[in-house]
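What follows is chain A paired twice: with chain B in the first complex and chain C in the second.
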Partner chain A sequence: MTRRRLKTGSDFTWRDMEVGNIVTEAGSAALRRTGDWRSQRPIMDKEKCNKCGLCWLCCPDAAIKLLEDGYYEIDPFYCKGCGICATVCAKEAITMIEEEEK
Partner chain B sequence: MEGQFIKFGKNLVTTDEFVAEGHSFCVGCGEALALRLACKALGKDVIIANATGCIEICTSPLPVTSWRVPWIHTLFENTAATVSGIEAGLKILMKKGKMPERDIKCVAVAGDGGTSDIGIQALSGAFERNHDFLYLCFDNEAYMNTGIQRSSATPYGASTTTAPAGKFSIGQTTWKKNMPEIAVAHNIPYVATACPSYPFDLMNKVKKGGEVKGPAYVHIFSPCPTGWRYATDLAIEIGRLAVETGIFPLYEVENGRYKLNVDRPKLKPVEEYLKPQGRFRHLLEGDIEKIQEHVNEEYAKLKAKVACFAA
Partner chain C sequence: MSKRVGLEASFAAAEAARMADVDVIAAYPITPQTHIPERLAEMVADGELNAAYIPVESEHSALSACLGAAAVGARTFTATAGQGLELMHEVVYIASSMRYPIVMTVCNRALSAPLSVWGDHSDAMAVRDTGWIQVFCQNNQEAFDMTLWAFRVGEDSRVLLPVMVHFDGFHLSHVTEPVILPEQKEVDRFLPRFQYPFALDPDKPMTHGAFGPPEIYSEAKIAQEVAFRKSKDVIIQEFKEFGDIFGRYYHLVESYRTEGAKMLLLTMGSFSETAKIAIDTKKNKGESIGLISLRLWRPFPFEELRQAVKNAETLIVFDRCISFGGPGGPVSSEIRSALYNEKERPKVVSFIGGLGGRDMAVKDFEYVIDRGREIAEKGSKELFEIVGVRGKVTGIRG
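This part shows the complex of A and B:
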């Protein structure tokens, strides 16, 4: 999946601003990478997953996506690593590991 | 126990995100979760008026926005006034035939400071004028956005930056303002309290509030890891403990009739809720007892109101 990149920092100049500072695109925050806030990373074990969807429902960052086969996938682009998914998972299919591991 | 609330059901919940990913809410924010669920329940035919607060700054950092639905930023004090204007405007445009007749929900979103401190006058006015809107109060029990200053929704004993705990102070010295009861006192058709730890219950209530003709008020308890000082993965647990200890009971009031949604035969001791949170760390045995007494009293009052309408 390719994502459009959002200009940040010194890449972003006044020329990139719309006239009047208006925002022309709805939901453009989806271009921002919030994944680099993370210090811990969730690892999902598909074997244990029973597709209940609690992790998807309880993710504050909407970083868990429903796949076509009914399983769920964590999107590292958005995941801030809070660990709520690992806590709510009744099957203990999600574990949090330190970001530098592996 | 929880099964009885699942009227919504996982497969009935839309996979569309109306608040886009990539917002800048803190790690493990209960408010972000509550907002996401509430927007899922409301669907795309909404106009949202959003008071200044965590939700406003975190979803609209220039030059991007998280909103995929019409959204307007208002000040703290006039959220309810703005939403009444939107509702009145839509009504007259439809009446004059300048836009097709549609069911568009007008929703006000504000924090606890914007609701119970600064915006209460406009909110009371909008309730009284009987506009058809839904007011969502996301209650994280302080002004978290500006750095954890106390608000009137801060509970007794909580340490905040403007009411710090120390040698001569216990932190916040007054009890939490009971905002849902103030809304009930306006005799509006629908008032409810909700918590993201009970996602289907929250979505049912928000949906119901949106469909009710006339003003509706939903008070949403939003655990805040930054301000309450607990581990980021505990948002769901903390919310559930608040409900199970009776600190934040989940109830709804339809046309003045009270109904308790989560009714435990025996409440858990409040200590379980206070312990994981750093803002209550300084509390001594006696203080916790005082809080327990207050909670018992308030819960008994609520039970009595529910019992009035049970028959």
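This part shows the complex of A and C:
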């Protein structure tokens, strides 16, 4: 998925600041990579998944997407690696691995 | 036609809020609160004012509720005093940094302990760095005028900042004086409806109060500081506009009989009127003295202050607040800073008095003038003197 380049704080001078630092563009947080401080990441085994959707329901950051075929996919752009999905998965289809592991 | 009625400053401020047709009032009703929200609650209950009145559980919540109201573009008002302002403190910074033009009257009171609800400027001085426009009133008419004026200035699209209107607890807040109330149509001419350009709207989503990581915080703060200092031009302009409509002209720094005076006394708030009588008495005895009263406290009126005191040899500054361990009262240390880089500047002598409701009579200001002259001539080991304190004070040295 291609994402628009997000302006970072360093792109602004003080003159660019909106009154009260208001962000006038709606939904711009979606452009911000918030998954970059993850130390573990979830790996999903499609073979074990029964499409129950518990992981999707429980993800506190909406980092799990429902795919057209009914399976689920984890979006590393937002995933913080909290491991809730792996804990709630009744089929043990999700395992957490260290971020540095390939 | 305008009418002249007897009102305490609290009721005068409430009248100003009513005539400004505020949309939302959020206030905590218990001590140290004054009659302002009480009167406004009556007005709302009696149908004299069509506003949402939110009685909250603390001053912290009062100002928090005001933030929410201001964010949707409501004309928003609250009032507090003393300890209440202290409890609000966190939100006081947020209101100015988010640029919400809330108007808040503060009937200045001392801070405990010992437990005190009496008049004093400690509460106002504790919030001087929070980025609110702060004005001081000398009498009840000014309490009405400044409250009305505060909406106009704060809501100006070039300003968008909250305004604190200070008048002395009890000496003004609970004392009845004649106040001229204008006609509603004059008020409407002075104060147009508030058009907040960033009002929260489901059809036009945006973010207020976003996160400010280190790479943007400094930029945010300097933008706020520049806007705050620039507001002075609008403050001056709106004082003129106010005068043109209502006939009473105000200035950032008020001067009283200062022509050719070698010595000046500087006061703030209601004590300025008492000090004026002392000035008259001294003038009648042939002394070269005049009075400066600081109306605008923040943003500090540097140029106007320098201009007002430039020909004086001695400037006696009278504070109603102690800055513990500091160079003097907050006003006197500010004035010293304002004058420090001037080639020619008056000698500044610092007095503190009127703490926690202690009265300052005319004779006390005459003492301040006499003793101030003596200190200017002979010097003093102490950084400042407290007026009327029992027992000799030593050890206030820098």
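Keep this in mind: the second predicted complex is superposed on the first by the 91 of 102 C-alpha atoms of A that agree within 3 Å, B and C clash if a C-alpha of one lies under 4 Å from a C-alpha of the other, contacts with A are read in each partner's own complex, and residues count from 1 in each chain.
Simple rule for what comes next: contacts are C-beta pairs under 8 Å (C-beta built on N, C-alpha and C of every residue); 3 or more make two chains touch, one makes a residue touch a chain.
Worth saying up front: this structure is predicted, and the values here are computed from it rather than measured.
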Checklist entry - Is A:21 in contact with chain B, with chain C, with both, or with neither (first, second, both, neither)? => result both
Next on the checklist: After the superposition on A, what does A:10 contact: first (chain B), second (chain C), both or neither?
Outcome noted: second
Checklist entry - Of chain B and chain C, which one touches more of chain A's residues? => result B
Next on the checklist: Applying the document's definition of touch, where does A:31 land relative to chain B and chain C: first, second, both, or neither?
Outcome noted: first
Checklist entry - Which parts of chain A are touched by chain B and by chain C alike? => result 12, 16-18, 21, 23, 25-29
Item to check | Touching residues (chain side chain A, partner chain B) in the complex | outcome: 6, 12, 16-18, 21, 23, 25-34, 37, 52-53, 57-63, 66, 75, 78, 80-84, 86-88, 96
Checklist entry - Where on chain C is chain A touching in the complex? => result 97-100, 160, 197-198, 204-208, 210, 212-213, 215-216, 218-220, 222-223, 226-227
Next on the checklist: Looking at the complex, which residues from chain B come into contact with chain A?
Outcome noted: 10, 13, 15, 17, 19-25, 27-30, 32-33, 36-37, 59-69, 196, 199, 225, 231-237
Checklist entry - Which of the residues in chain A come into contact with chain C in the complex? => result 8-10, 12-29
